[in-house]
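Take a look at the following structure, please.
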């Protein structure tokens, strides 16, 4: 399946890219998506994740066509 | 001593005047001022009183030259 | 601090903007502004309201409002505050009261503006007389509790 | 309800006034407006700040803000709400965020605007990077709790 992965803010700077497309097979969780996309980098503890622009748990499953985003705690307002 | 008495809002309408000057002798409380000024009318239960534009208790004493005001609960804002 | 009693309609945005621009020393220092505006409605207690007359006690009103702002400044780190209150004849949809508070942090702005507004409602000597659509007049007897 | 993300400086008073005038159905019905404005300060954590860049997640930001306003409308009788949030490069003294809530009664306006503001701070995907006077850049790591 095809997954779009996006990164924001300090996480974007530390992984060195803002987005990438993954072609993967099998059932995957959000945490698995990170591991496939960043095999050499552990996800920082405070990372937040969203699938299709809604917050999700790292244990949630992803589906073909999903947009998965990783970002640090939000600091707007 | 000389006391200026003022009334506001519905109380002004029910006593039929907005202010009056009293010349009185002896120590008087705020409640006494009302009784002297309005011998035929009991003070309504929820009446508030101020002396020189600060809230006071009805048992507080008044002094020569004081401005004593009586009014109903406030309803601004 | 500015306390202003207006006998004519006022424009809340103009008041806040003008005051903020005049308070040069605040520039860059305030992070939070909390503003409350009370506006006249065209209904109350189930009746259509055509207009309202707001009476006040000149002198005492200003004195009590200054005291209320001073209390807020003792409880929270308030940089500045503005109160504008209408008196006289008021029509539906016209602003009645404006309370604006400037602070460094947002929690203080929310707390202080609400404190000022509740204290104003219970202690500032203003009285509302409503003119109903039926042409009857009635004095409001008491205020509501804004924390409920 | 209006949610607006601005890449250019905005004028809070103009935004509130324009929105209120466009919301014809509210006229005469709202008695209370609670407005919060967050403004960029020229200092933070003991350092002088020269500027700030606000990044956001287009699409998700709007979606989350709409959800937050819907939650507030379920908890309080909110007549209408407006959120404006700045993104991009921001200078000290420029507004960052505006939250305005219209209700019939004042307690609901205070509660709902504060709820929206706190939820925005913890859930809306915005990120601030400060440019210090020393020319160092730093990402803000977390938000403060506005109820403390």
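Going in written order, the chains are labelled A, B, C and D, and every chain counts its residues from 1.
Definition applied: a contact is a pair of C-beta atoms (placed from the backbone, for glycine too) under 8 Å apart; a residue touches a chain by one contact, two chains touch by 3 or more.
What you are looking at is a predicted structure, and each value in this text was computed from that prediction instead of being measured.
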> Along touching chains only, what is the step distance from chain A to chain D?
Replying inline: 1
>> Quick check: how many Å separate the C-alpha centres of chain A and chain B?
In response: 72
>> Please tell me the distance, in whole Å, between the geometric centres of chain A and chain C computed from their C-alpha atoms.
In response: 48
> CA centre of chain C versus CA centre of chain D: separation in Å?
Replying inline: 22
>> If I count partner chains per residue in chain B, which residues reach a count of at least 2?
In response: 77
> On chain D, where are the residues touching two or more other chains?
Replying inline: 38, 106, 117
> Among all the chains shown, which pairs meet the touch rule set out at the top?
Replying inline: A-D, B-C, C-D
> Within the complex, which stretch of chain B touches chain C?
Replying inline: 6, 8-10, 46, 50, 53-55, 69, 71-77
>> Taking the touch rule as given, give the residues of chain C at its contact with chain B in the complex, in rising order.
In response: 38, 54-57, 59-60, 63-64, 85, 96-97, 117, 120-129, 139-143
> Once bound in the complex, which stretches of chain C touch chain D?
Replying inline: 13-14, 16-17, 27-43, 92-93, 104-107, 109-110, 113-114, 117, 144-148
